[in-house]
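Some notes on the structure that comes next.
Chains: A, B, C and D, in written order; residue numbering restarts at 1 for each.
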Amino acid sequence: MRAAHVTAPSTTRRSGFLAGAVALVTTISLVGCQAAEPESSGDPVEGGTLVYASGDAEPTCLDPHVGGNYPQALIAGQFLESLVSRDESGEIIPWLAESWEPSVDQLAWEFTLREGIEFTDGTPLDAEAVKVNVEHLKDPATQSSTGYLAMGKVESVEVVSDRVARFVLSAPDSALLESLAQPWTAIQSPAGIARGMDANCQAPVGTGPFIVDEWVKQDHVSLVRNDDYASAPADAAHTGPAYLEGIEWRFVPDSSTRYAALQGGQVDVIDNPQPDTIAAAEGDDAFTWIDAPRPGASNRIELNSGQAPFDDERVREAFIRAVAVNDGIDSLFFGTAERSYSPLSSVEPLAYADETLFASDLDAANTLLDEAGWTERDGDGTRMKDGVRLTLRFPVSTNQSIPAEQSLFEQVQATAKEAGFDVVISLLDLSSWYGALFAHEYEIVSAPYTKVGPDVLRILYHSDSITPAPSGYFANLAQLDDPEVDALLTGAASTSDPTERAALYEQAQQLILGGHYLLPLYDQQNSFLLSANVQGARALPTVSTPSFADAWLID
Amino acid sequence: MTSPTTRPLLDVADLRVAFGDTEVVRGVTFSIAAGECVAIVGESGSGKSVTARALLGMAGRGSHTESSVLRVGGRELGGAGEREWRRARGRDVGLILQDALVSLDPLRPVGREIDDPLRIHERMSLPERRARVHELLASVGMPDPDFAARRRSGELSGGLRQRALIAAAIALDPPLLIADEPTTALDATVQARILALIGEIQSRGTGILLISHDLAVVGHLADRILVMRAGEIIESGTAAEVLGAPREPYTRQLIAAVPSEVPRGVPLARSEPPIPIAVDRSASRSPALVAIAANEPPLLAIDHVSKTFAVPGGRFTAVEDVSLEVRRGETVGLVGESGSGKTTLARLALGLTTPDTGEVTLDGAPWSRLDERTRRPARRRIGAIYQDPLSSFDPRWSVGRILADAWNVGAPGRHPRTADHAIAELLEQVGLEASVARRRPLTLSGGQRQRVAIARALAASPEILICDEPVSALDVTIQAQILDLLDDLQRERGLALLFISHDLGVVAHMADRVAVMQAGRIVEAGAADRVLAEPEHPYTTRLVADAPRLTRA
Amino acid sequence: MSELELRQTTIDAEVAHAPRRRARIARLPRAGTVVAGAFVLFLLAATVVPGLLETQDPNRISPSEAFDSPSLAHWFGTDESGRDIYSRVVAGTGTSLLIGVTATFIGLAFGLVLGVLAGFGGRVVDYGVNRLVEVLFAFPGLLLALLVIVVYGPGPVTATIAVGLSTAPGYARIIRGQFVAIRSSQYVEAARVLGHSRGRIIARHVLPNALIPIFVLATLGVGQAIVWAAALSYLGLGAQPPAAEWGAMLAAGRTYLSVAWWMTVFPGLMIVGTTISTTVLGRALARRGRGDA
Amino acid sequence: MLLLGGAVFVMWAVATLTFFAIRLIPGDPAQAILGGPGSQASQEALDQVRRDYGLDQPLLLQYFAMLGRLLTGDLGDSYALKIPVAELLGAQIGGTLLLAVLSLALAWVLALALSLVSTGRGRIATAIGEGVELTAAALPQFWLAAVLIAIFSTGLGWFPPVATGTASGLVLPVVTLAIPLAGFLAQVMRESLLDAMTQPFVVSARARGESAVGVRLRHTIRHAALPGISLSGWALGWLLSGAVVVETIFAIPGLGRTLLQAVTLRDIPVVTGVVLLIALVYVVMTVLTDVASRTADPRLRQEAGR
């Protein structure tokens, strides 16, 4: 039986034209918001329009069913809601569905919807609407990537009654609730969907606290308050309509400009702040920092073990031993990022870390390279073997790596050079970057991946992920091909026993780390800076997108 | 002749202007009375223009002006500040400069330019000013004042724009008008009318200070003449005194240099000229030359040649059915006003332009019909001298290189050392020192440049020289020297000259035969003395009548 | 790209008013030329023997020394990885000048071919080349650069080619104008009257006189090419790390403007200094070539 | 002067050049349509899209199909946004043109002011003026923008760093674009100003009692401004290139940002549309400046007629 495996690479930060950023949860795990949650001071105040400046790319469609990437998730969370949500402890909690019940064989789930909820166009939220949404996701014409993969095991939805929808599965799917907690599977008005893709992309209709009023391309999306809002998730600070009259969601691609606008009071909230500005803002009472690392994989450098020279484990280990990143992370990220030694994000409870594997040791690196036969050196000090230079091609996406990260890669380059590696960094735009990956023109690469739960390991390191999709895409960038790892990851995905699952994932991570396939750096950075006059805002504990349903502005 | 009235409009005593340590005006003293015209005559660099500007408080950046008296319109302005001067300019003194094309702002309608003094000095309403501009333009003889007021200087003909410039200068009816070379760039007929206009203004009681290098122009208008040289007034007196009985040798030299009345072959610059009474022109001509001219076929023959150019909205006929012959050793003068097609004819003769119809032959052989490759070896036989020698030299080349380049054409493959010798010889022939070879033309004076240009033309051993306005940009004494030089060279080498000029006097002095061109056609041709003495064509008659003549006595 | 065209007017004016210009230039401080010469000498030294001028390895990282302000140890301060900015500025001279000079050269070479074709190829060729140049002008320069980079991959080589290509139409137009002006000048006519052949006139009069002002343009083009390459670096498509190219340093330092001004100011000064000093020297050389002053 | 025929030729050549140049870009248009790079579109979806968009046709057929559409004014639909390119660009062009025209005007004013202030006032003023011009022209826009934001937004708080359609929001972007351009223009204006100041008409004007300031303002300034007019076509093209950077920094919706994004996404119809639009603007501007120059300076008309 195939486990639920649906994934997509996620975008982090500035980029965003990635197809998917799925977070499909296979087990209920705790995904917390490590935010320095802003202290609410005083009583909520009605009114005002909050200005949000996003550094993520502007979506090409506001309906997260279409495609499905992180920038869509960021904004869709303001006007669309899902059947379920999660609280900070990782517990699935009611949202549009007030309760749910799986059948004994786990092949049918019945969701009971809240009563009296209407979409903002007046269409009632009923079982039929849920059915239409799932069909919309599964329709190839929708061009859904993330949501489509998340609904992989859902065969159909049956209308049991007005308020009860039955999901019929082709196989048991313990990740179904987490799938449904994602913004990419949010429930929209059937009438809205019926308008066709063009209209729905422009202004999807949901049940959320805000309504899309206007989308001025490349400039902003105007969101106005849903005065009839009555479907806050169970962990919300208050029920009923939002305090804010609206949100002006602006697209400001340049990070310095964003921060300057926040400083000048022109905007109230920014995302993707530069580390130095976070550090500056942290010491300033005028700003609040919400630190909400994304779930899924950590940010890491993958070593392509599929071809020379990294098909030799000694060379991989030598590289990992040779590079020094700790000082660089401290200075470049101004203390806002913590070094990771795990393939998984620190918000994943099952993350396994082993610091000893990553201690810098230049002598050890040199010894390993000598052993591996890379003994000659050319004029630059680069090692050679049989006339071949020890060159490591490192394509870097300028859309995905912030300047601090690019600088860190330069430090990797500089320290690796001391052991005789010639790291060749190419700064590429996103399309060219994918082109380089698809052509296997890389020895090392850094590609973030957002997905809730340790199942992300199966996406990234199962040998199935070596085979490219029709588009050329493959997730196993380390080209890790180990039957033992495959068996552990498949087993973990299909077991229903949490203890066994945890043990299997730990073994798998030990093998992956021990094989020197990757160099973990830090969590996928995801931060928001808020002006001090913004109160009650938080990052949702699902995929760390911001929520302003409980927020208010003081002057 | 008016005599100075009681109170002079302008009184200057011991005017001195210095730029740094160099004093360019050194103790000039004179006065002008109402209705009087005083002329300052001198060559470039004599300080006459600086004197004129100093009278407006505009001697120039970096200048230092002092005087014991500098009274303009009864007001002492010596040591006046800029503000005081500004009040005087345009109101007490008006200024007319040479060539209104550049002396009027080419980007502003002339009406605005004329309006300027009214706006600056008078509190007049816009309609009043507009009416005054109209009145002024009418008073200077502008045919359609309202139309002209809206035109910019470039859109008016030379004569009309000069009238507009005068209108701007007399807008406030200043008692004193300074005219600095007011007719220098103009054709003779236009010049005559502008001079008449200035005379008319004078007759209304305005004092005129006329600055000119041209004694003929001055002779027409001036009551008194001041001759200036090297910053000093070396001679002054009534026009009759100065022109009729010059005391100073320099003045005599200046008068002698005016070619119009000096017969062919008589040098202009070298010796004391005889005061000509009536000279038989043919007598002065060398008999040998006449013989050659009579017996041989023409060296250069232009035969029924026409040339048109495409212009927006049709074709412009520059030369129409022109026939002209130049014989060996002969000088043919080609006279015409600007735009008459003289230069196009020169280019046709040089083989730089091919005629649409007709043919040019050289020594009886085809010339214009040849293709460039065949014509090239023969090109050295026809030389050219231009009005602006500087632009005809490659700016990067020294005089020596320019001459060597031309000399090699005359005799390719000759030894380089001989070239050095030849260059020295050429320079000597045109009256320059051998050391000039090392200099660049930019560092030479105008006369020296033209000498280099002549040397270059000679270097290739030509048989005929096409001279297109070769002296129009030169001072009268320099002009005299160049004309003498050409004359000598012709005699020594038996050169034929096609001498093109707008200046009837120069042509009269140089040419054996004269052709008069108007609007692309030759309207009259014949022996120089006949054409100029008894013109048959009305156009020639007008040209002759309008040509400024040195009147003595 | 074609601020060069603007320049052209300047140079035309210089040629047309040589005597006046001379008077004016003579008033310019000679010290300017001397300083410019000294700066260019420094640049040349930094290009040929960077090791002599660097105070340390320009690529040596030292995270603990990151963002140090200018001091005796680090004259121009340090960057985000603790690298010595002075040494990087020196090390980057070669790359930056190479980008500037090569790009200018490419633009000039293309421009020369087009300009010569238009200037000497007869009416039909002139018309065709002029239309082509118009088309290239209508094509936004940065887009041309973006396309070249996207097609051939980013890096100093493609950035150089891209900048070079986008400047070509400007040069072509100027060079054609120069040729046409000189071709119809009186000294060329004088040479024709003497019976010199077309080829000889082109070789001895037209080319030398056309190339002097073009040389002045080129000195300006070098600085401009560096600035354009810097813009590409800002878009992440210029020189690749760890190359210490000025534009790339400027682009990298921009992020830290509020933290470390010295990261942008010094590379920026180098670009400005290069532009000014090469222009000043270029003008001086052109004056010598023309013979005034 | 670009005649209508010349303009049509330029547009056709630009369209053709763009069409073929863009095909050199690596990357599958079908993938661009299906969610951009990294998408995991199925083979069926890719095939379907290729059929729908005619991408399976021979290149020449695609080319003629594009020309045919262009003739009817149809620029096609954006691959990424799935909306008509004309609609997308129609919304952007106004802002970008406003930015460019304001920058051009400011550059004129700055350049004129600089050349008026520093020309003909002695060698020190001239040297300073020339230094300022060269420095201004050598300033990279992205850096200048950052400095201006640091000073006027963060420091003084006078102008917002994000242009939100208000007048004050346009100040910094316009200044950023105008300063380097002013550096170029001033160099040329100084030259013609200097030239004009030595002309006899200046003497005439002063002889009528005009003050030195009056001469500059009524006479020489026009001459200095002339090259500014005739170079406006070029300057506008320069500004539109600069808009790519400036629109990104100040978050202004416009053609430059659209272009950059479209190139990154391989959104061919949008790239083609932007290029054609810019070419059209250039062509129109060239014609306009030509007419304007001739109107302002009758000497040019005569030259043409000669």
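Simple rule for what comes next: contacts are C-beta pairs under 8 Å (C-beta built on N, C-alpha and C of every residue); 3 or more make two chains touch, one makes a residue touch a chain.
Just so we're clear, the structure is a prediction, and the values are computed from it rather than from any experiment.
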Most central chain, judged by mean Cα position vs. mean of all protein Cα atoms, is D
The larger set of C-beta contacts, choosing between C-D and B-D, lies at C-D
Between chain B and chain C, the Cα-mean centres are separated in Å by 46
Whole-Å distance, C-alpha centre of chain A to that of chain B, is 87
Cα centre of chain C to Cα centre of chain D, whole Å, reads 21
Touching two or more other chains in chain A are residues 256, 429, 431-432
Residues of chain D that touch two or more other chains sit at 26, 146, 150, 154, 263
Chain B touches at least 2 other chains through residues none
The residues of chain C that touch chain D in their complex are 1-3, 5-7, 9-10, 13-14, 17, 20, 24, 27-29, 32, 131-132, 134-135, 137-143, 146-147, 150-151, 223-224, 227, 230-231, 234-235, 247, 250-251, 254, 257-258, 264, 268, 271-272, 275-276, 279
The answer for chain A against chain C in the complex is residues 255-256, 274, 276-277, 280, 327-328, 330-332, 398, 403-404, 406-407, 409-411, 413-415, 417, 424-429, 431-432
Chain D residues touching chain A in their complex are 26-28, 31-32, 34-46, 48, 80-83, 88, 91-92, 146, 149-150, 153-154, 157, 160-162, 164-165, 248-254, 257-258, 261, 263-266
Chain D residues touching chain C in their complex are 2, 6, 9-10, 13-14, 17-18, 21-22, 24-26, 123, 126-127, 131, 134-135, 137-143, 146-147, 150, 154, 184-185, 187-188, 191-192, 194-195, 198, 227, 231, 234, 237-238, 240-242, 244-245, 259-260, 263, 271, 274-275, 278-279, 282-283, 286
Contacts from chain A onto chain D in the complex sit at residues 8-9, 17-20, 53, 57, 60-61, 66-67, 140, 143, 145, 149, 197-198, 201, 216-220, 250-254, 256-258, 260-261, 263-264, 266-267, 399, 429-435, 469-471, 473
